[in-house]
Structures are given as structure tokens and as C-alpha cells.
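The first chain written gets the first letter, and so on, giving A, B, C and D; residue counts start at 1 in each chain.
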Amino acid sequence: MSKQAFHAIVAGVGGGTGRSVACRFARNYPVVLLARRPESFNDVVAEIQKSGGKALGVVADITDPASVTSAFETIKKEMPGSRLAAAIYNVNSGFARKPFLELKREDLDTSLDGTVRGGFSFAQAALPLLLESVPDSPYPPSLIFTGATASIKASANFATFAAGKFALRALTQSLAREFGPKGVHIAHAIIDGFIDTPRVRELMKDVDALDEKMIKPDAIAESYWALHTQHRSALTQELDLRPFTETF
Amino acid sequence: MSKQAFHAIVAGVGGGTGRSVACRFARNYPVVLLARRPESFNDVVAEIQKSGGKALGVVADITDPASVTSAFETIKKEMPGSRLAAAIYNVNSGFARKPFLELKREDLDTSLDGTVRGGFSFAQAALPLLLESVPDSPYPPSLIFTGATASIKASANFATFAAGKFALRALTQSLAREFGPKGVHIAHAIIDGFIDTPRVRELMKDVDALDEKMIKPDAIAESYWALHTQHRSALTQELDLRPFTETF
Amino acid sequence: MSKQAFHAIVAGVGGGTGRSVACRFARNYPVVLLARRPESFNDVVAEIQKSGGKALGVVADITDPASVTSAFETIKKEMPGSRLAAAIYNVNSGFARKPFLELKREDLDTSLDGTVRGGFSFAQAALPLLLESVPDSPYPPSLIFTGATASIKASANFATFAAGKFALRALTQSLAREFGPKGVHIAHAIIDGFIDTPRVRELMKDVDALDEKMIKPDAIAESYWALHTQHRSALTQELDLRPFTETF
Amino acid sequence: MSKQAFHAIVAGVGGGTGRSVACRFARNYPVVLLARRPESFNDVVAEIQKSGGKALGVVADITDPASVTSAFETIKKEMPGSRLAAAIYNVNSGFARKPFLELKREDLDTSLDGTVRGGFSFAQAALPLLLESVPDSPYPPSLIFTGATASIKASANFATFAAGKFALRALTQSLAREFGPKGVHIAHAIIDGFIDTPRVRELMKDVDALDEKMIKPDAIAESYWALHTQHRSALTQELDLRPFTETF
């Protein structure tokens, strides 16, 4: 077993999934949290540290390539000698639900920024580090992307939302085919359902048996950890995750 | 039968497909050709006029929403009283084949511009006109998009190319679900193979039996016309087109 | 142009699609109709002959390989010197809509018989003849299969129906990859909607605007003809056909 | 925590995957192994018992519904009071790789028997038991099916193999939609690669770096266990598993 130190990076920790993923990976690695504003990660950093883990929050605007580059330089300085074991892209891309003729070009750009454009910058920063980790990493170094139902089905009134999600899925497929043989595990999770967050609970408070209809963020995090720890002879590129109650 | 006049618009006529589609639709409708530079459409306009059809070239930068809006205003002025029967989006989105870490953010943006961003602007300009044509159009007013193998499979070294193509496909699916029930036919063609153009012939001149390995643009055009003339009770949202020799 | 005579074979002419396809192809070829009972094809044969076409009904149980072999021998005798230009597999596979635990093994076998097992026998009989036609046929010799929504989506309560349809789709994909390069066009049409037949009209008589919600069999037939006449440089392996009103 | 006892059933333990899955699940449950011949399960039963687990071999011909029923009756008698927590269908369906015109009807039937027909019988026997386990099972009672590359892509020369695999996949999708909301987890794993067994090692002994090109059965088993232990709010219906070296 190598004495090499490893860490994980989670981009997008405002919502429920990012927090849960960070906490789950923090049980094994120091975790870096990227978010646009410190308010998004401060509580999670504190929570991880309180439970004995190590966490570092770094401000980054994932839609700005220069900001991503700068964040990765900060990480390098703050974690000298540590290598990257896992990078999770979990950025919210907005959610414009509108008839097509009411959508604005900005709706499309916001969706693309939070999905494929952000994912592109994040992957370009993370992949050289993940490649370096291949020889010594306890598990195949992993780059995991969060997708949605709209990654594979473009419904009416979700044109821009689905466009971004489809594009991000394409990115992950292409990366899997290029970097899989080099030892990096690229995975894409299709989250098919509402995630149990305070905001969603408020929005859906009148739904019957609501508790059974939402995905628990901790359950997503457990599956991401299972993805990360897969043996390199049996890697998953894509899986779906949905509540048992969900129709599909 | 209505005495209403109808026309078609083809965006992207530089390569072989746009020219063939324009010529095929010109057998039934006056055709408007959109391209960034007049050199791209001048010959096709002349060819259509020579064979007795009507054609109009309009300069438009499909990646610039203002330019698309302006082009549609020009069309309205130039073709008073005529309605839109078919709009074909056939824009070239560039083709960066590179290892992911050599790709630039510009490669991604070029791909998105020529696919989903251009398609978005084009659809926003064309759909109100196509909706107006529903009651009188001889066939269901049609909005047809040209896709590629990379629309459904993201290969290694094609990350940005596939991202754009996936996103454009998402756009067409969402539009089909929204505008199909309103009477507009939204179709997406997956062109799986090299198209027989002088440029491709030159690039592949050493390939054996080359003539059997390329798609004839006229054959694509024939299938687009078959799509346009489908009865509204049996519309195709997506089909693939490939040479008989192609492996897939 | 060859002086060779060509004919088409349509398996499954009980319902609306088979009749329409036979009539459409009869405008260009003598057509052979296969059905289990003469009552299924007699009227269509008469209709085609009345309108000046040539038609021949042959009794065959598509689920019985010996019966299929025997039917093809009959066709050979009855149409001396004629070659096969197109074969359409349009057999009804039953439609058991039941909770899984109420389904019987017979429901599964009935579904498999009418889909992949029948299609297998039909393809084994037709393909040698289609291969012979490659050099002279006016269009790429074609083997077209009718699929359904359940070919790509297995809904609850349709386990056996979908199993057969998925299996038939697999057969067509594999055949396309093997026989496409040999010059035979293998196509699969996903019919996504109710077909306008007297029986469906009766079942759905209380549905509002029913006429807009059903696929016209003649429209399916037109698309099958368009498939058959595609140029070999641009063949479609799969397309969907649905009414403009259909949600998907 | 319930005091209820639970067990698992694995159908198909001749090859490498069945053995590994049985051993993995035996770390938590008594495991029943179904195979046509005792020689297929004797060693695995002994191995599990030696390592302190409980295992029971039951002879069953999965392609014969009566044999499956009888096997489940035997299990009921042999494990009084124990409930079913997980059932894994991992039956080998033969593997006819031949040009289509050389395939026999028997090749098709062998493929269907080992896939959808066997899976149908197995699911009909297992699902009532899994439903009973919903209230008390430590994890969502699970029915997991082993698929293959051919479950989603039907290559040339694999017509019958793919037909069976597609059909089995349809079965799992339909069951997921019906039994997911009732609390049973239905999953389908697409095994995309050669599995590391003595037989495959012998067949591929001349392949370079062979060890990196095969899936370790223990790695598949680990992912099946991860599937079984997913929280019901985030269940995976389908995932792929492939060696990091595999092209796809």
C-alpha cells in the first residue's frame, strides 16, 4: 500500500447531493469543495471537520475557465503532496421550464454553462491530475458527473435544460472512451427524480407520501462511492438512480 | 386546395447536403438559402433558377441571433404573402478531432454555435411561421435538422463535436414533443457516413471502392423530401441514413 | 434497365397495415400475401386485382418453419422467373396486457412466435432470394419489419409483448449489419400509436377527436415504400412513425 | 432490526459470475444455488460452507417451468421460515456466432430458453416471495439479471444471441416498472467484456496483456451486492460493467 496521500474534489455543493457526496468521500479522503460563494460550502466544511474529516472550501465560478484554473492552483498549494483520487461534477445548471418560444438565448447559455461548458473546464483541470494518480490510487481515479432524466429524454418545455444535459452526457461518454483505457474511471449518473432538499420539500409539500417520492442525497452519495471503489476490471460508465416510486 | 403560396428555407448550403436539399425542395417550392457568405449560395441559386425553380440567397450568420432575426425579416419582405412550408437546419458545426486535453474552450463553443445555439435561433425564427402554415400547408409544415453519428455516440477524441450534436438532438426531441401536437413536423436525421463532396473525395482518394462508401447528398435530399411529405398521422421524428457499406 | 420481373411478399395481412402495404407495393410489383387463413387475404387480393395490380394469396403459418418453407416453394412455382424485390414482415404477435404474475408461459410463447421466431423463419426464407436480386433490382432489395412502441420501451404489464418486440428488433439490427454490406436493405419501423382499423375504431369510439389520434395504414405504407426506394448510399435502418397528436 | 431470516438464490452457477455472486451474497445470507447438474454447484457449495457460510444446491432446469416450480418448492421445504432477500438470474444462454443463414431454429430457441423464457419462469417463482419480503428485508428485495453487450447492440453474426438478450432486457424493464413501486428492486447489468474464467483464459491465451482485458467475476459480484444494498430512494435499473481496457 502506497503512503501517498489522496484527496477528492466536489464541484457544486449548494444543493443536497453535493453536500452528501462530500461527506461520504470525506470518510476516506480530505475533500475540497468548490462553489461560487463561500456560503454554499461553509456549513459543509464545518460539518466534515466536526465529524473528524478534512475539508477545504475554494471559491470558483465553474462557468469561467480562468476561475477553474485558479481554483485548481489554490488546491495544489493548499494540499502539497496530495494527489487527486476522485473528482465529482455536480453543478446545478438552472432549470428553465417554459414553452420554447418563451425561452431566451440566455436560458440556453445558462444551461450550457452549468453543464457541458463547466464540465469541460472541470475535466480539463482534473484529468491531468487523475492520470498522475493512476499508478498509486487505492481505487481507479474517478471523474463522476451528475446527470438527470433530461440527459436521455428531452421533454416538451425543457429544450434548453435537456440540451445542456445531453451535451454533458456526450462529454462523459467521449471521456470514458478516451481515458478509461488510461486507467481513469469516467462515470455518469442519471438522477431520475426529485432530490430530497428543504427547497424541494417546500415546493412539493402538498404531495401525498412525499417522503417516498424523493431521492435521498445520502443514497446518491453511497452509489457514487460504490462507483469510485469499483475494480478497474468492471467499471460502470452509466447508471440510473430513481426512487422506487418513480414512474419511467 | 389553397391558393396560398409556400416556400422553404435551407440554412447551411456550403457543403453537399444543403445544395441537394435546396434543389430537391425547389422542385416544389421557392427556396431561400441562408449562408454566412454569398459565395456559399450563389452557385446553388443560379443552378435552381436555371432549371426553372425560384431561389433566393440571404446572408446570415446562424450563430448570431440578431443576424438570424434580420435574415427572416429580409425573407418576409422579399417573399410577400408566401408562407413557410419547410425549414431545414443543415449547418456545419466544425469538426475538432483531438485528444481531450488538446481541445480548447473555443472548440467547444464553435461546436455549440453551429449546432444547438444556431438551431435554437433558427427554430425560434421559423416556428412561429411554421405554426401559421399549419391550416393550409399541403404537407405538415416541417422543421428538419441534420445530425450525425456523433448525435448518439460520443467517441474518443470527439468530445466537443459530440457535445454539440447531442445537444442539437435534445433540442429536436423537445421541439417534436411540443410542436408535433400543434401540427408541425420536427425531424432529426442521423447522417452516419461520409458525404460525397469534392472535399471528402480528395481527402479519401486512396480508399478502395470509395464510391460505394459515401452518402450521395441527393439521396439525403430525397429522404428529407419523404419526411416533409409524410402524412400527419404517421410522422417520423428520427431516422438514420447510412451507405450500405457502412459498419455501425 | 433490366427486363427481369420482380415481386414483393407481405407476411401478415389481417390488420390494416398489411393490406395498405400490399396495395402500395402492388402499384409497382406483383404482390404475394401470406396469412394463416385465406379469409385474411382474399379481399385484399381481389382489391388489388380489381385496381389492375397482380396479387397472390398463399396460406402460411409464419410460426411454423415448415409452413414458411412450403409457402416460399409455392411462390417460386407460381411466379416462375420473378425475383424478390421486397419482403415485409408485419405479423401480429398478440397483445397480452396483464400484471406479470397473471401472465402464462403461453403468453410469452405467443409473443415470441409472432415476432422473433416468425421473423427468423421469414428472413431465412427471404434473404437468399433478396441476395439474388441485388444485381438487378430497381431499388435495393428490402426486408422491412414492423415494430411497435414496445420495441424500445417495455412498460409495466407488457412484459411478454415487449420481450417479443425487443427480440425482433435485435434480429433486424443484426441482419442490417450482416446483409447491408451485401446490398440488402434491412429496415425496422417503430409504429408508435394505434392504427386506424375498424376494430380499433370500435374499441376507442368514446375518445375525443379520435380521427386525429390514429395512424392511417396508408401513411405507414407510404413510408415503407419510401424506405424501399431509398438509394443504397443512404439507407435507413430504423425510423419511428407516430400520429402528430401522440405523446412520447 | 427484524429477527426474520433471509436467504438469496442464484440461478446459473456454472461459469465464473455465478460462483462469485454466490460467494459474495453468502457473506450475508444463506445462498441457494440452482443449476442443471450438481457438478455445477457442488464445489461452490463446499467453498461457501468451508468459509463459514451456508449454501444449498438445488438441481433445476431453468428452461423448464415445472422444474423451476419444483426447485422453489424444495427451497421452501429446506429453508423453513426464511424469506427471499435477493434472486440473481445469471443463466448462460449459449452463444451461437454464425452467419445468419447458417443458424438453425434450435439456435434461436436455445438462446430464448436461457434468457427470456428462463428468466420469465424464474421471475414468476421469485417475485411472490420477494414481495412478501418487502416489509422486513434489510435492503429492498432484489431481482438482478445478468445481461451482455448484445443486450443493447445486435452485431452481425449474433442474431439469435442478441435476440434473447434484448428480450431478457425487455423483461427486466417491464418488471422494474411494475414491481419497483411495490418495493422490489429489479436490476439489469450489461456485462460488456470477457469474463475471467479458466475457459476464456484458455481460448484467449495468445492475447497480449490478457489479464487487463477480462472482467473479474468477483468485481461483478461486488457491483451486484452494491445494487442489492442500494437505498430504495435511489435504485439503479441498469448499469454497464466493462474492463477499463474495453473499447465500446
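The definition used in the following text is that contacts are C-beta pairs under 8 Å (C-beta built on N, C-alpha and C of every residue); 3 or more make two chains touch, one makes a residue touch a chain.
In this text, all values refer to a predicted model and were calculated from it rather than measured experimentally.
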Chain of greatest Cα-centre distance to subunit B: D
Distance between chain centroids, defined by C-alpha means - subunit B, subunit D (Å): 46
Centre-of-Cα separation between subunit B and subunit A, whole angstrom: 35
Geometric centre distance via CA averages, subunit D-subunit A, whole Å: 31
Residues of subunit D engaged with two or more neighbouring chains: 177
Pairwise touch network: line, ring, star, complete, or other: ring
Residues on subunit B engaged by subunit A in the complex (per definition of touch): 65, 99-101, 103, 105, 108-109, 112, 116-117, 120-121, 123-124, 127-128, 150, 153-160, 162-175, 177-179
Touching residues (chain side subunit C, partner subunit B) in the complex: 140, 177, 180-181, 183, 185, 196, 212, 214-216, 218-220, 222-223, 226, 230-248
